[in-house]
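We call the chains A, B and C, going by the order they appear; numbering starts again at 1 in every chain.
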């Protein structure tokens, strides 16, 4: 388009609004991480269970989620369940959608972590008279967490980026605040550039921090 | 060396971002926007590209066969016929995207129940009005909304970037606003009880309260603040704007506008030029 | 007043969904093709020893992997015409966004594949008098490709799911087709149930394929 005049001033004036949205993105992502860690842990225990029906249930969950888009899942939870008169408020719908989605990926990550613990340790724990839960709690999880920490960090970055989709169900995250800003200033290009830069800075800062923590706590290289 | 790689990459990237943020305005701030001639462009490519909604019955929506139809679509067809060119309809995803699509050169003209406002006129330009419409409220009957102040404390669904979104913050500052990309998604939220009411153009509320199969929706039976619907065009495109205004004059003068309005609303349109 | 209440899905709607499905496949195959080409170049640059090659490649991969596809799509669609003065139709904006996003992941796959080939093989080939191109062509790539296939299929699955984001530009792919039907009939439960099932039918066989042709690398892990 000839003669487009850039005006970043308008966008920078509204930086507090965007930061407000970024905060929503952050707490939504953090809650998602915690929630999906719980779902993922149970999912992984299901995947590795002695009971065939539990294994099948967990596998089915993982396959359905991993083979459908998050956007469709969000629409289904918000509007689809709404048609059946199950009303899920928008923030909660976004959280449930993100947790169920990432829970499936974490199921696989946690499972890989548990499987990385040698069989011999299970047997040793058993021979000490530990129950399944005690074994998991004191022997397996502490070690598995060390293994899953790097992919977990990776997944957290993914959660932040993909949480931008919740703007379609009226959650005022960074992406929706950007759209609202555009509707007031009509500076779409400038706004999208600033919002994208904010996502990049956010994810880079967080992944650097997580790496530092990992190095301190787990002595990861 | 490779461990350093990520850090160095980040440095380069931040430099690029900074350059992108600071560079362009300095370079182009002094440039004069060039004159355009969309009229000639349309005639030369013998194709008219019109931006319209595909989610806003009865102005622009998809019928049982999923073709784009509606009052605005009829007008777009008529305009292309008048110009003897082929018509291409581009569905515009959201209200602010009408402006984005125009500015980015995706469409030649926006015919999409586009309310002309001063704010929007800072970025694009509007033709003379072809229709007058007001604001309306469509609500769940059980929410017992009687007037605009009654929206306070209620959950109100709006389309992000619509004129209604701005209005609701003025008329009912205590309303809890839910923002959706499309008017139809906002309406769905009202139907499913996720919101108590929706603010939209008056004709939209009349139309949807009438077609609601469950008869659970009502609307405030008086339009607020009549506003012009215009075609949207790019700035500095005077010949094209003149032509579109001339076309709209003929649309009124030939009676075609009244006829189309009757077809879609079975009613007389509000007077575009009142005889005061 | 003509009434357009449509409270059931009809045959036209089934066709419409099918058309959306076809468009999704077109978006993804073109996106994957371009992503593979760009990804191989970037990935080789990333695996190279020259600072001037791997630094820009690393920056490219980082920026793309650290920003949302949604924003990349908006920027490609709205910013390219303004910056480069080229017109980008919706379909090609979608293909470009998927290709750009996919190429960053592809580059990582290629890098992992190339680096999986041991240093001693390079040295051996060098001592036989082979050049960089020859070594790549005859020794590294044939081995690397085998390692790359499973995560490559994983990437395709990721692209199919990601292509749903192109719906925000009103391009009629599967998700947007579903939205249109939902907006028309308000049958959100049925419509999105069907849409999800169609995505599943598209992706599940590919998942099986990827798993059978070996373990999926963690590179796919970032694609919800």
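Keep in mind that, in the parts below, contacts are C-beta pairs under 8 Å (C-beta built on N, C-alpha and C of every residue); 3 or more make two chains touch, one makes a residue touch a chain.
As the structure is a computational prediction, the values presented were derived from the model and not from experiment.
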Counting C-beta pairs in contact, which comes out ahead: A-B or A-C? A-C
Farthest from subunit A in C-alpha centre terms, which chain would that be? B
Whole-Å distance, C-alpha centre of subunit B to that of subunit C, is 32
Go ahead and note the Å separation of the Cα centroids belonging to subunit A and subunit C. 20
Can you give the whole-Å distance between the Cα centres of subunit A and subunit B? 34
By the touch definition above, subunit C meets two or more other chains at residues 62-63, 78, 81-82, 168, 179, 182, 186, 188
Could you check subunit B for residues that touch two or more other chains and list them? 10, 13, 100, 103-105, 181, 185, 188, 192
Spell out, as numbers or ranges, the residues of subunit A touching 2 or more other chains. 1-2, 4, 79, 82-83, 168, 188-189, 193, 200, 204
Complex contact set, residues of subunit C against subunit B: 1-7, 10, 12-13, 16, 54-56, 58-59, 61-63, 77-78, 81-82, 87, 90, 168-170, 179-180, 182-184, 186, 188
Flag every residue of subunit B that touches subunit A in the complex, lowest number first. 10, 13-14, 17, 20-21, 24-25, 28-29, 31-34, 36, 94-96, 99-100, 103-105, 119-120, 122-124, 157, 160-162, 165, 178-181, 185, 188-189, 192-194, 236
Subunit A - residues contacting subunit B, complex: 1-8, 78-79, 82-83, 85, 87, 89-90, 168, 170, 172, 176, 179-180, 182-184, 186, 188-189, 193-194, 197, 200-201, 204
Subunit A-touching residues of subunit C, taken from the complex the two chains share: 62-63, 65-72, 74-75, 78-79, 81-82, 85, 157, 160-165, 167-168, 175, 178-179, 182, 186-189, 191-193, 195-196, 199-200, 202-204, 207, 218, 221-224
Subunit C-facing residues of subunit B, complex: 5-6, 8-10, 12-13, 16, 54-55, 57-58, 61-66, 90-93, 100, 103-106, 181-182, 184-185, 188, 191-192, 207, 210-211, 213, 263-267
